[in-house]
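Each chain carries a letter (A, B and C) given by its place in the written order, and its residues are counted from 1.
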Amino acid sequence: MTVLGYRIPMMFSLLAWFVVWEIVGQLDLTILIPPFSGVIAAGITMLPSQKFHDAITITMTAFLAGMGLSLLVGIPLGILMGRVKAIGQLMGMWVNIFESSPLTAVIPVLMALLGFGQATIITTVFLFSVWVIALDVQVGAKHANASLLEMGRSFGASRFALYTKILFFAALPEILAGVRLGLIRGVKGVVIGQLLVAIVGVGELFELYSRNFLMEEFWALVIMVFAFAFAISETVAYVERRIEYYASTR
Amino acid sequence: MLNTVLSARNGQASGTPEAAVQVEGIGKRYPGGVEALKDVTLDFPAGELTTLLGPSGCGKTTLLKIIAGLLDPSKGQIRVKGKQVHGPGPDRAFVFQDFALMPWATVLRNVAFGLELRGVAKAEREATARKYITEVGLTGFEQSYPHELSGGMRQRVGVARALAVDADILLMDEPFASIDEQTRRKLQEDLLQLLQIEKKTVIFVTHSIEEAVYVSDQIVLLSRRPGTVSRIIRPNLDHSTDLEAARRDKAYLDCVDEIWQTLKQYLV
Amino acid sequence: MADRTAASRRGLSEEVAGAGGHQIVERVPSDRQWLWRLISFAVVFGGWEIAGRIPVSPSFPTFSATIVALGEMLLDGTLAGAYAETVQPLILGMLLCSVMAVLFGVGMGLSRTVEWFSLPIFIILQAAPMAALIPLITFLYGIGLTAKVVAVMLMSAPIIVLNSYKGIRNTSPSLLDMSRSFMATRRQQIVKIILPSASGLIFAGLRLGVAAGVTGVVLAELLITPTGVGDLITYYRSVAEYPHMFASILSIIIFSSVAVTLLQRAETALFRPET
């Protein structure tokens, strides 16, 4: 949008929405929407509290552990699926099914198998994110420039070198896209998992705040979690744009 | 022999018939700051095929789109048959380098599309479309979809669509550039043949010297960016007797060579 | 597939656009592929059976026991009853959401002002865990059908809006130029060029929306009030009838896969005859 001939970056519309929020909040229409300034204030008081600190620590631990597993499994799995026909054929169908299925339904099983602790949350994060990573990496590995690989082979590259020095980089755009989507799903997984388990991390806080009508704290937490999800996905997107020049050479 | 009518920007074309399109002092600077065209003044004689020839990125497409009314110039004006124009008009029809066919529509609907937009009744516009489909040699493909056709056939659809609206002026932006060499030669010959039936003023953009010399009545050489008119050449080939023979004509070879000598200076 | 990654890299956040390797995978399989599928099923179900027989955990039933339970639930009408409940909010939510979200996304693609005000929000919502808002829904709408419909809409709206938006924005510039050169009015341009060209991506958005909506309904049935499939899962867990619990979960995964696959087939047939 342009005002008086100046282009205003799109993200500034969020400021406009915050103003609207403040006004609606001040009008006192519903207890659900407290003024935005109150939300900010609640967020600031919340930040140093021990409870918040514990919740974030436990949530981040589960998220990072689950994502680490996902990357360790998803990327090699995707590359193998893309390069080895048998593995692609055997796994392809399952990866596709799980990538688009409501894995939320599986969480009760995890609770039955693994209990109500971190193991369940970590597994949830893993299950939410690994499939989309594998799927994207597979696409990258499959469509990596064939003549680049032939070039490597003609110069006598070992199989290991071929995979780590050529294929990985040739598939990097798709790998990053997969990692970005995986991270987003991982955040969704950690939140959904904790909501269902209901006694750990930010999930517990969400429950607690909403049950006790602490709307300012609730919204402050929502904003923080949403901002976190957005920030990590934009970080990967930034790296993706940095290597956009890849695309022009294939 | 070659007949260099004029060199850059010295006013009216001499001895040519009246101009269908006049480009007067056109300059174009894109929002990012790229200056694509600088002070281009040119006449396009009615009933002739004029080629804009120049290195890639010199502003050929930009100029053609300005003439079509798809882009606004930063400076200067365009006159069509003496009247200044400000946007697209029924007097000009565009043929696109990437064909610009609607993938969800049949050949018939694609060809009739210009008429459809004008609100011509279905039966009538389809009759017209069929006529031009035949004229470009696509009889039998009326119900095919673009993805079922080869590149050459797709561009025939594009040409038929432009002819169907019965505009006097055809604007062709590298129409054969994304088509393989052999098909391209055939399309060039067919275009010339078609133009003998349909009296049109054609503005034809290409970066192929051979193509320009073969199809043109008049060739405008553009300099590197910002594009300016560098030279105007008339190949004077005789296409009326034998379309094939022209490519063996000495005038053809000389003209190709002369243009090459001129354009060479613009390359690094 | 180049367009998949190009799309996602140009893309805003999540899986906007005909996203995912989905596109390459689902074609009508040849005989050979059927064989591979058979082997694939055999390996996975075999593994499951063995793991269940060891057993890896007392709450991990064998594949055969799960299938028997599934058969039972199919025959005695338990599943039919549960799905009759589950699909209600799903269908209602998807219908409402399809209309509203598509219209909104299209509006966002057509109007710079609407885009400026709403694109950032949807980009964020798309990446964000919307499930966090579910506790609020109970608060607003209680525990009835409305709450579940809203849960479905909450989960599926962002992807549908953004895909519709992208569909509009991805209209080939040369087709737009073409229509302008033939002097199309803005209305003609929208109706004859922009909407047909966006329809494929809009439909893809609906497909992704259905997948998200199923998650929404399951989540609502697990979190808000136990009904339908969510109730089955919760109930069988509480009475430790693990084969039945696994069968319920299996059924919802099959349900969602079949729905998504059918939509995908329809999409390919309707909008991508060239593939």
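Keep in mind that, in the parts below, a contact is a pair of C-beta atoms (placed from the backbone, for glycine too) under 8 Å apart; a residue touches a chain by one contact, two chains touch by 3 or more.
Because the structure is predicted, anything quoted here is derived from the model rather than measured.
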{"item": "Shortest walk length in steps over touching chains, chain A through to chain B", "value": "2"}
{"item": "Chain pair showing more contacts of the two, A-C and B-C", "value": "A-C"}
{"item": "Centroid distance [mean C-alpha coordinates] between chain B and chain A, Å", "value": "51"}
{"item": "Centroid distance [mean C-alpha coordinates] between chain C and chain A, Å", "value": "17"}
{"item": "Euclidean distance of C-alpha centroids - chain B vs chain C, Å", "value": "48"}
{"item": "Multi-partner residues of chain C (at least 2 other chains)", "value": "none"}
{"item": "Of all residues in chain A, the ones touching two or more other chains", "value": "none"}
{"item": "Of all residues in chain A, those that touch chain C in their complex", "value": "1, 8, 10-11, 13-14, 16-17, 32, 89-94, 96-97, 99-109, 111-113, 132, 135-136, 138-140, 142-143, 173-174, 177, 180-181, 184, 187-188, 190-192, 195-196, 202, 206-207, 210-211, 218, 221-222, 225-227, 229-230, 233-234, 237, 240-241, 244, 247, 250"}
{"item": "Interface residues, chain C side, partner chain A - complex", "value": "1-2, 4-6, 8-9, 13-15, 20-22, 24-26, 33, 36-37, 39-40, 43-44, 57, 59-60, 112-113, 115-121, 123-125, 127-136, 138-140, 208, 211, 214-215, 218-219, 222-223, 229-230, 233-234, 237, 242, 245-246, 248-249, 252-253, 256-257, 260"}
{"item": "Interfacial residue positions of chain C with respect to chain B in the complex", "value": "172, 174-175, 177-184, 188, 192-193, 196-197, 271, 273-274"}
{"item": "Touching residues on chain B, where the partner in the complex is chain C", "value": "65, 68-70, 88-90, 92-94, 96, 98, 100, 102-104, 113-114, 116-118, 145, 147, 165, 171"}
